Amino acid sequence: MPLDASARGVYPIAPTPFHPDGTIDFASIDRLTDFYRGCGATGMTVLGVMGEAGKLDQAEGLAVATRYIRRAAGLPVIVGVSAPGFAAMAGLARASMEAGAAGVMIAPPNSLRTDDQIATYYRQAAEAVGADVPFVIQDYPLNFSVVMTPGVIRRIVQENASCVMLKHEDWPGLEKISALRAFQAEGSMRPISILCGNGGLFLDFECERGADGAMTGYAFPDMLVDVVRLSQAGERDAAHDLFDAHLPLLRYEQQPGVGLAVRKYLMARRGLIAADAQRRPAGSLSTAARAEIEYLLGRLARHDARAVVGTGR
Amino acid sequence: MPLDASARGVYPIAPTPFHPDGTIDFASIDRLTDFYRGCGATGMTVLGVMGEAGKLDQAEGLAVATRYIRRAAGLPVIVGVSAPGFAAMAGLARASMEAGAAGVMIAPPNSLRTDDQIATYYRQAAEAVGADVPFVIQDYPLNFSVVMTPGVIRRIVQENASCVMLKHEDWPGLEKISALRAFQAEGSMRPISILCGNGGLFLDFECERGADGAMTGYAFPDMLVDVVRLSQAGERDAAHDLFDAHLPLLRYEQQPGVGLAVRKYLMARRGLIAADAQRRPAGSLSTAARAEIEYLLGRLARHDARAVVGTGR
Amino acid sequence: MPLDASARGVYPIAPTPFHPDGTIDFASIDRLTDFYRGCGATGMTVLGVMGEAGKLDQAEGLAVATRYIRRAAGLPVIVGVSAPGFAAMAGLARASMEAGAAGVMIAPPNSLRTDDQIATYYRQAAEAVGADVPFVIQDYPLNFSVVMTPGVIRRIVQENASCVMLKHEDWPGLEKISALRAFQAEGSMRPISILCGNGGLFLDFECERGADGAMTGYAFPDMLVDVVRLSQAGERDAAHDLFDAHLPLLRYEQQPGVGLAVRKYLMARRGLIAADAQRRPAGSLSTAARAEIEYLLGRLARHDARAVVGTGR
Amino acid sequence: MPLDASARGVYPIAPTPFHPDGTIDFASIDRLTDFYRGCGATGMTVLGVMGEAGKLDQAEGLAVATRYIRRAAGLPVIVGVSAPGFAAMAGLARASMEAGAAGVMIAPPNSLRTDDQIATYYRQAAEAVGADVPFVIQDYPLNFSVVMTPGVIRRIVQENASCVMLKHEDWPGLEKISALRAFQAEGSMRPISILCGNGGLFLDFECERGADGAMTGYAFPDMLVDVVRLSQAGERDAAHDLFDAHLPLLRYEQQPGVGLAVRKYLMARRGLIAADAQRRPAGSLSTAARAEIEYLLGRLARHDARAVVGTGR
């Protein structure tokens, strides 16, 4: 079933698990997929930046996406297809959709500056992957150095019928969500799904501003699911209480450069993947950093039993 | 008394208070200085990025610095003297030192890339302000786009006797503190003071890694003072408990672009300054944002009485 | 007489001459101004990037501008007033206009990305310097990292009645000139003056595309005057012949980082200024580089007698 | 025969010829290869930035490289293998070497800032492609935003035995060549081959500073061959005379963004490739631009018969 603008909930950004020797750990893909499904995720996104997509070659990327899609068994899977050129992008998009993907995600190349350049790029990209392939805009200025105004996002949405979702990770970003929802309310932009990334650092308020949920890779996606659910149910204080309990650790995970190392370490500690191995180039954790994470886990465990993970390494 | 490498504690980054019409609010400078002194700050830093230094002309900048210095009455004041050229930098440094400043802070221009360029710049800057003027390196890659390795910082320290402090705000930055302290331990770098910025987002662990304290502008500098004190006293859990209670609000304040608006709003709510006015260009707060801050204040007040600030506007 | 959209010809970017000890060489300002006037320049621009404006403090900047304005005796002088903040910008603009400047030039801060940010900045800057002060947009992406589409330039022109000129130095830029002139032709933008910078590297074709002349600092402004005159007179081949004879040297001068050193060396060799001194930080010329310049001068002298400058140092 | 540090002469940067429908034009690859060989090129470089490598998918890239290698019949071919990750880089390097490539070229990712980051990247890349695969450093700050000092280049050379060549395209760059040759002379760096890019804009002096030749894609590689030969034969004036005759056109071709469009247009006009088609995103030539190129061609034809190309389109 293709992705559409009604998507809500939590689409975790799935990592690519590796064995310590750098080969892909397909068994961990299966285990992780089962966990996502079990904890209430409503979809998944694979081959994002934090999925180490750039470190896979073409065949490996497709193999990872395919494995996730098969195991997801109907849960919609979005495949990141960002590439330096449209040929590689279109090839991966086509193959992923044939393998059963629900849609694709496209990040802008960091050379884009003006509003026109951004809008033109998405028009060409949408054409390259195929007008029938639903796509997600990834709006992540801190990482891509491309700044999209609400007006430009509206322009992309209005110019491309296949654009159905925004992965929102501008920072600051709360006013952007409000602006986009106001566009919808006044009828100047058709409705889209907005799922929030940026490590989840503002998820508590993003939901309240009108986001449909989260698309990020924090090592406790089950917490993200609960926060989104509580927020959508109007249980504001409960949502913040849970979110705040996780914030010290979530903030620790959100550090540029080493964030993925923290995330994979936590996922391995939780037993969601077999090893915290990354392909090079990779940030790594010092002994001090590992001890800090364990300390944060211990503190979190007083509030959330899911953080009880046995003795650390 | 000139700044030296033994500086510790909290040097708040002082804002420049404005009246709503954009003129400088000198009375609020006095009030704020008294507050800093009263809450246990061990020094102050004025005319930093968050002090809107770039929006003041030369005479205004010196007037603000001078007012802070006089009211501080002996508490060491560091003056930010970063400027596009050495003439303006040297002029402000000289005048500030004559007015009683303890030292100056110098940020790198964003055109610097290589290790040699960075080291050369600081050598020339140190010479420009005068070899007898103690200076602080400001290491803030997210804002200045200049990346300094621990090795480059060591080189600056070793090449310039007047370099006495690092304002540490790399992100991630914990390993950098450990690396610099290891340089000192092995004798390859003379001791310097390290005070941490970056909104205080990692202050809890920065102290544990060997930082001497904080130099940041969070609207609750009294909390920063307590966290540094608790941490230095070995009361780890208590330090984290207090820090974690503030983290949701601190994170909200640390947003690029609108962070200063949040900070000034909070300071005005606390009665530390008369108005939250900024000079243009300035981020501003929507009604929704103000309500979010009030909500966070209310939640914080359950843990920290200092957040009880009466009814919001 | 205030600058208006009818400005044409050559406005050299004037350097700030220094004595070898770094103090300002006012006598060379006079000599250079007389030369500009004598060779047919129709105006001048001072305190630009290549005027080392950033290396002057506030009082020095105004002193340099004032000296140029007085000596120019009626020839319109544009003063670069770009500054980190509006207070310094407005102060210099006001003082310069009082001293007799014809208008001011404003470059965008390098943090601007989106179309809206750029347009907003110029609206606020125009207001800051005063609605009655004619201003020039400086469009130099290679140096400022700000990319303005023709549409954004039109927006600035239409939103600010005091915008009368574009200093065009986009690269590539020929199509931009054509696009702006097409806007005028179709009536969607009021006429502005377009003078071209970027070292003059494309001046031959820029005139043919509709530029009104040059605003750049090549050490042979007399050549620029002739090329613009020939081109405007329809003597295409003659214009290119002269331009091409200078191109090897002009290209050598246009190197980032050391270009100003080349320019000042050439001006000193021609006797236009007393010394080629720059304030730090500054690029400098190796013995090999000086020999290369002399070789190029010698080759040029076979085509243009103005390059006969006696024995080199 | 593997590439080594004795390489000299001209290695043209070969474009990837496309049919107007975007498919690869293999017949033009053959024609162009024969032309390179016939005009005195001593090698070739394929899949560079100007070879539109990023617009090809993995299989296409290898197909283009292989076709060039086969037709080159012994002339050394360097294959650009720059990629977002080491898996894709290593895969293409291995396959290219098996197909008969002489070596590979590696550009730095634009996220690198510090000296250590750059050196580490090349160490990991050299290991990824295999210690037995000769590689070329591509030093092109204007395009990649990575600034390498002479000291960092020396470090890469000394740390990686398989590093045999520098594609030098820093700007300005003449002093860098002198610095590297001085390192060799003093014995602190083993000899490497230096071939110059950056559109050839300084080739005249680069040869005199000690470069071994050119690696760039100007549409008249036969001119590059002559200039390098004349310069190496000590015929300085003749080398400059020829170079200067081409400089107006060469400069026109070197414009960022549209340069490749100019180059392919010229190559098609010369009959070296069948069409000037590029894959998207691509700069294109306006009618005015085409007329300007034709005008420059006509002027060049008075000095160099190779520019006589029949009536334009």
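For reference, chains read A, B, C and D in written order, and residue numbers begin at 1 within each chain.
Here, a contact is a pair of C-beta atoms (placed from the backbone, for glycine too) under 8 Å apart; a residue touches a chain by one contact, two chains touch by 3 or more.
Please read these numbers as outputs of a predicted model, since none were measured by experiment.
The interface with the greater number of C-beta contacts, when A-B is set against B-D, is A-B.
Centroids of chain B and chain C (each the mean of its C-alpha atoms) stand 38 Å apart. Averaging C-alpha coordinates per chain places the centre of chain A 33 Å away from that of chain B.
Annotation: 48 Å between the Cα-based centres of chain B and chain D. Counting only residues that touch two or more partner chains, chain C has none. Contact topology of the protein chains: fully connected, every pair of chains touching.
By the touch rule above, chain A contacts chain C in their complex via residues 113-117, 146-149, 151-152. Chain A meets chain B in the complex at residues 171-172, 174-175, 178, 201-202, 204-205, 208-209, 240, 243-244, 247-248, 251, 255-258, 286, 288-289, 292, 299. Residues of chain D that touch chain A in their complex: 52, 54-58, 60, 84-88, 91, 110, 120-121, 124, 128, 279-281.
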